Structure formats: structure tokens, C-alpha cells
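In C-alpha cells below, several structures.
Next come two complexes, and both contain chain A; in the first it sits with chain B, in the second with chain C.
After this line comes the complex of A and B, so read on.
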């Protein structure tokens, strides 16, 4: 069976699991409330120029929450549920199974973008018009790929780490800032910029906002940056997952949870 | 024909806190022929699960070699994984929120089955393990016994030639356990080999062609269950149904009698030093019109208890 077919089966498994896991829909309940808050603040301040920020931010937050909170837990949950031994006894790479499942969870998170747009359009009568729809679609696609790569890496990091809960709880807000989700990276202190540029969200946020405003100078480089970060995080995630599996086999901790 | 399983000098150690080393398997050499049902007996912590995990490639040995159908479990782990099925007992290990069928379809994909084959085999196996009517139900509503059956179905999905079962009938009611044994026999008739780790002596005696008793990682004995009593020497026994107190005292004094054991319902088991002593006991009983005595050898359970010793709850 090809790697793609295995990935597809993992996607189907996670889709079935997510349908029966109401907590996975929580991000879709929160996104409209976040949009409402941010849009209300923006409009009250008479800042029509940053309406795009208020509408796009909940979508990016939804994507990050799905990656961090749900996708990041996949390997850990397999361990707790006693499935890990049987999974690594199968003749296929465990990392690919994780990546396929992560992809499903992340794609569910992208629905937050549509929700935010609907809240702005129906709730506030402010439909967000996209000046460059083609670039916008490309930006969404590469952002999803990068989120999948990052979530695969996070799932490996969390299972390796002994401080999973601490990490999971503390990686929210810093990435909203470094990712330029709430305010553009350009508005952050200069010394933060180098850190910000290794977070795919910073490139994605700039790309999405640029596509909305019709200001996408140098967008191919931004797309390449997101793709490069996506590939790097996916490669690191698969490598770390493999190393983790090898370590548990070597140390005899497969059955531990 | 190459053996289904062959280990030579297999050793596995764990390093725990404060760098203390625990030996889980120690110089274990074992051969299981193809198409054999081999029982792996031993108390908790004996090393049974460690052996099963090494043979199914989820654990690396510290030293020695292990081969399954001629393939090394370390150097050729990918090939071994396709040849073996792993059935771990217990409540866990399944996707509880999914249906039994959906669970099997996912595991089928992990063993590179195409969709059509996976669906056909999943349905057939669910029928075979008695879950056909519950195929569309989420596993979270299943009893422990039903989960055990689903574990077995999962282990069989890719039609492995060698199956490793760890406490497979734990939690099954007697009827289901008997049905499970029937299923194992049927599968053996199809040419499969079983390595069965169990605490259930009756199950091992009824099902296994050979058994291996291990304790603290070392092999104590290996052989067919009926002759496992030889482990205790040439000793035999004579069973009596309620012989009454008048006979019990003199029996203990007969030459060659090594012990008298009182059992439930007034029954008695007389342990003898061997064949000649058994003959003397039977003749002595016959002279006293006792016609219901039966000659036997120690059961597998007695061998187990004598070999493992009076360890109680300690592991």
C-alpha cells in the first residue's frame, strides 16, 4: 500500500473519531465569539482599516488550537488507551498514521475561517471582500499544510516531553503574538521579528491580510517560506516520532502510559 | 521445516530507577514448531509478556537472537510484522468510540489490506468471534469478553501465520472461553501457530501441544502438558473418593508414600515415590475392597505450584 493510501485511511479513522468527539467541535463554538469580540472592539474604535485582522485572527487561532490541543494529543492518547503496542507492531510507519490523523483535525479547524466570515457578514453586515482571491486560496492551502506539519511535530514533542500539559497550556498566547495573529509582526518590537519569522503563522497572517487588501508584493516568497517551514516541521515531526518509537522499543516502555 | 519461533540465549534487561537492572528474560532458548499451540506459563513478572513483545517486534532484546519463521525480529522486523498477529488481552487497546467494524477496517489498513478485502475479512471475523450482530455498535458499550473477542479478530485480520496471544481468555465466561479454544483449534487446523501466554492451567492443559514454564525470566521446563509431571521426578499419585478416616492414617505409613493430601468433598490424593509404590498402594486398597482408586500423575497446575513455590501475592 502506498503512503498516500495509508494517509487516507488515517484521515478516515480520525474523521470517524472526530465525529464522535464533541470536544473537537469546541474550537468552532469559540471562533464566532472571538470574531464578535474583536469586530466589536474594532468597529467601536472606528478602525475600519483593521477589520480584516479581526475577521482573520479567529480563523488562525482556530487552526492553532486544533493543532495544539487536539492534534497534539494524538500519540499521547494512543499510549494512554493501550493502543500504542499494537500500532507499532504493524508493518507501516507509525509517523504516517499520525500525520494523516493530524491532517483531519487541522482541516476541521479551518472551518473557523468560514465561521468568522459569516459572523462578520451576517452579524455585523461587514462581509469581508478579498481583493486577490487566488492568492488568498493559496495562502489558506499552504497555511493548512504548515499547520499539519507543525501539529505532527507537536504530537511527537508532547509524547516525548514529561511536561506535556505545561507545554500545551503555555504555547497558546506566545504563538498568537509571534504569529502576528492579533497584531501584525511589523507592529512588534524589532528584536522579536527573527523569532516571529520561524513561526509559520507570521507569514500566513501577512499573506492572508495582504490578499484581502490587495497588497501581496513578494507573495511567492512568503508562500515558499510557509512551505519550507511546513516541510521542516513535518520532517522533524516524523523523525522525532520514529526516534520515540525506537526509544520505547529499546527502553521497554511501550506498554507504559 | 524451519520452526515458527526460535530463540537462542535471549536476554532482556530493564534499567529502572537508581540504575538498578532488572532481568526480565535470562538466556532463554526456545523452539516452537510450525502448527503448534505452545503455552507460555509463569507467574506475574515471569517474562511471558516480555517474550511476546520481543517476538512481535515491539521490544528489542538486550542479547541473544529471536527468529520467527526464520526472520530475525531485529534485523528483519518489517517482514516479521507481516507474519505475526499480536493479541493483547484486556479492556484497552481499541478505539472505544468507533464501531467494531470500523476498528477492524482501520487495523486492516495498517496491514496493507485493500478496502474490499478488509471489509470482507472484518465481517467474516466478526461473525466467527460471535460479534456479527454487534458489528455496527461502538466498542465503548462492549463487555470485557466482547473486547477480548474483538482483539482476537483484530489479530487475525491479516491472516498471520503465527499468533501471539497474551491472556486471551481473561474475562471470558466459561462458554465463551470454550468457544475461544474451539476457534484456536480450528485456526491451528488451517496451519497457524500459536504462542499462548496464560495463567489458566486448565486452558493450557486442554489446548496446548507443549508448554513452557518460565519464572524470573528463566525456563524451568518445556514439554507436553501430560508429561509435565516428570518435572517433579518420578512421583505419581492415587486419587480416592472419600475413603474415610480409617484408611487415611495407615495409608500415610505405607512404604513409598510421600504424602497424603486432603481435597474437597472428603477426597484424598496419595502421592507416591513412583510406579512400584503406586502398585503397593493400589494392592493395599484392593485388599480392603476399595475399588474406586485412580492412578495418575501430577497435574499441570500441581507442577506449576511446586515449581513456582509458595510465593503468595509476591511478584
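After this line comes the complex of A and C, so read on.
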């Protein structure tokens, strides 16, 4: 089976599973409320220049939540539901199946961008215009790739770790701050900057806001940084997943939930 | 009275036993609690970024107090869990009746909610450079307790939805908490919303209690603060009444058609 066909089958499998999991729509419920909160605060403070931050942040949060809460649970849920043995017995690379399924969930998260734009336009009469649509589209695309890479890594970490729930519950807001998704990294204390720069959200947020405002100086470097972080997390995720599968085969624990 | 206290005790023991399957005190402190502190900080930083020190204090106070509501409404998940594993009938046949047992199923979240909110109240303002008027700020503690109680009733009432529809507990929880967070005067005063919405938010928990907390910090007259506390208590009582009615109907319908033991 070719890699593309395999990925497509993985997407179909995940779409079928997600249809039976209403909680996968959580991102779409959260985004409008978050946009309303952030826009109300921004506009009450008469800061029209920060509207882009308030509209883009829920989209980035949507991607992160989709990666962390749903995509990240894929392998763990396979074990719990008894699908794991059948999946790794199939004559295809398990890592690619995971990546395809992760991509499906993450791409649903991108709808949060559209929702927050609609809330701003219809609810507050503030339609966000993009000064450089080409750069914006590239920024969204590489951000999605980075989210897929991160989710593949998280999926492997969660299934290896015994503290999955703790990690899932804890890795949201600290990363929203570090990622500068609302308040730019430049406005955070200097000692946080090096940590921020290993979080893809920080590059993505700057890129997206820059594209909206028409200030995209040095954007190719930012795109390269996001792609590099995406590739690194994807490689680490696939490696960790393969190690985990090998270990369960070796130890005879494939059937454990 | 003694039987109610016993139920509270047993519920807390069960709740914390359940929590200990996920958290140790270390992972709770450095994982969950830090996450909640970061949540309040996240919004407070936006307050400082778009406004001044007063905006930041407004946002920070709102987001610290609302942590109590966030945790209290997690009762939705605990109750839906009973439905999922099919133990609702076992709880319903207890000698004390189903209501106190059902209402007690998420009591552990009130303890952790109070702890989180009070830790944030003491730690975040000095760390973020937002001074609170101590010792007056200490009077906020009992108000947070009241907010916690009314939010718990709100959570129990909305758990009725999660008990009737399979797989929606996380949606219900996030919607319940998100509505309070968005429209309840946490980040912006309720006066910024259109008139119908401004009237509607009066039935939400937190709204009046949070105004009382802000009144205490600003040195408002005690009569004004007490009126707000009375309104918060009334709202909470209303939600407990809705919860009791909802659970009564669920159990009586479940007894009649045998659906109480269905896993949703």
C-alpha cells in the first residue's frame, strides 16, 4: 500500500471514530467563547491594534487543544479499545497510521480560526483583514504541520508515560504563555525568551500577526523555524512510537489495555 | 444531620481515592495547580498588555475567583462517570435516598477548588506586581467559599444533561464554565454586554459573588456587599433546586423504565 493511500485510510478511520466522539467537537465550542472574552477585553480597553491578537489566539489554542487533548490520546485509546493489536499486526508502518489520524483531528482544530473570525465579524463588527494573504496561508499551513508533528510526539509520550492525564491537564496554559499567542513573546520577561523559541506557537503567532498587519520582515526564517520544529517533533514522535511498539511485542504486552 | 455528614465524609473519601488514581500531591501541585495559576496569569498578562494596572488587577481578581467555579463544575464529569460505569442504580438505592449521594459525588472538587483559588489569591498578586489591600483582601476567602458552593449547585444542575446524553460531559463542563468565564464579569464588567444578556447573566453563579469580592477590595459599604452575597446565595439555591428536580426525574423515570443502569 502506498504511503498516500495509507494516510487516506488512516484519515477515514479517524473520521469514523471521531463521529462517535462528541467531545472531539470541543474545540469548536471553546473558540467562540474565547474569542468573545478576548475581544471584549481588548475593545473595552480601546486597543483596536490588538484585535488581531484576540482573533488569532483562539485559532492557535484550537490547534493546541486538538493536538493535546484528542490527537495526543490516539494510541492510548487504541489500547483501551482493543484496536492496538490489530493495528500493529497490519502490514503497514504503525507510525504513519498514527500520523494520518493525528492530522485528521488537528485539521478539525483549524476550524477554530474560521469561527473566531466569524465571531469578530458578526458579533463585534470587526472583520479581520489580512494585509498579506499569501504569507498568511503559508503561516497557517506550516502551523498545521507543526501541530501534527507535536501531536504525533505527544501521542507517543502519553502512551509511554504513566502520568498521561496529568500531562494532558497541565500542558495548555503554560504553553499559551510561552508561545506568545496572545501577548507577544517580546512583552514577556527576557529569561522566558529562549524557552519560547522552542515552542512552535511563538513563531507561528508572530508570523500570523505579521501577515495580518503587513509586517512580515524575515518571514522565511520564521517559516523555516516552524518547519524545523515540526520535523523534529514528528521524527521524535515516530521514533518513540516505533520503540513503544517493539517493546510491547518483545514483552508480550500488546493486548494489555 | 449526622447521616448527611456521613455521606459528605464518604463522598470525600471516595472522591479523593478516585483523584489519587490520577494525581499524587506532587503532580497535583506542580501539574494541575501550576496550570491553573498559568491560566489566571495568561489573562492577567493580556489585561496589562491592553490596559493599565487597574485593568490587570480587574482581570487577575476575576480569573483567580473563577478558578473556584471551574473546579466545582467538574462534578459534571464525576456524575457522568457513574452513568458510564453503570453505578447510578447502586447509588440510588442507598438508605439515605439518591439525592444526597448524587449531590455529593464531586465534593472533592470543592476542596481542591477552594485550595486552588486561595493559593492563587495569595501567590499571584505579589508575583505579578498587583498589590491587594491586605488585610481587607482576606475577607474575600469566605466569599470564594460561597461562590464555590453556588457553582457546585450549577455544576450538579448541568450534570443532569450529561446524565441523559452519552459522551457530552466534556462539552457540558466546558460550556458551563465557559459561559461564566465569558459573560460573568470575570474579564470585563457585565455592563459591556447588551441589555438582554446583562439581565440573563444574573442567574449565573460567580456574577454577584465576584462583584462582592471587588466591592470588598474597593472598600464598598458592608450593606452593598451583603446584598451581593445574598444574591449569590439565592442564585446558588436556585441551581440546587434545579439539580434536585432534574435528578428526581432521572431516577423516577429510570425506575419506571429500567434505564437507570444503562451506561448512557
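Basically, the second predicted complex is superposed on the first by the 257 of 257 C-alpha atoms of A that agree within 3 Å, B and C clash if a C-alpha of one lies under 4 Å from a C-alpha of the other, contacts with A are read in each partner's own complex, and residues count from 1 in each chain.
The criterion applied here is as follows: contacts are C-beta pairs under 8 Å (C-beta built on N, C-alpha and C of every residue); 3 or more make two chains touch, one makes a residue touch a chain.
This one's a predicted model, so the numbers in the text were calculated from it and none came from an experiment.
J.: Would you check which partner chain A:162 touches, where first means chain B only, second means chain C only, and both and neither mean what they say?
T.: In the superposition, A:162 contacts neither chain B nor chain C.
J.: For A:21, select first, second, both or neither according to whether it touches chain B, chain C, the two together, or no partner.
T.: After superposition on chain A, A:21 lies in contact with both partners, chain B and chain C.
J.: Once chain A of both complexes is superposed, is A:85 in touch with chain B (first), chain C (second), both, or neither?
T.: After superposition on chain A, A:85 lies in contact with chain B alone.
J.: Output check: A:182 vs chain B and chain C. Expected answer is one of first, second, both, neither. What do you get?
T.: second
J.: Classify the contacts of A:250 with the two partner chains as first (chain B alone), second (chain C alone), both, or neither.
T.: In the superposition, A:250 contacts chain B only.
J.: Go through the superposed model and pick first if A:217 touches only chain B, second if only chain C, both, or neither.
T.: In the superposition, A:217 touches no partner, neither chain B nor chain C.
J.: Shared contact residues on chain A, chain B side and chain C side combined as an intersection?
T.: The answer is residues 20-21 of chain A.
J.: Which residues of chain C touch chain A in their complex?
T.: 22-23, 27, 31-32, 34-35, 38-39, 41-43, 45-47, 49-51, 55, 59, 167-171, 174-175, 178-179, 181-183, 186-189, 192
J.: Can you tell me which positions in chain A touch chain C when the two form their complex?
T.: 20-23, 25-26, 29-30, 33-34, 36-38, 40-42, 44-45, 47, 50, 163, 165-167, 169-174, 176-177, 182-183, 187-188
J.: Can you list the chain B residues touching chain A in their complex?
T.: It comes out as residues 12, 14-15, 24, 49-50, 53, 56-60, 78, 81-82, 84, 86, 88, 90, 92-98, 102, 106-107, 109-112, 114, 138, 154.
J.: Taking the complex as given, what residues does chain A use to touch chain B?
T.: Counting only chain A, the residues touching chain B are 1, 5-6, 9-10, 12-13, 16-17, 20-21, 81-83, 85-92, 97, 249-252, 254-255.
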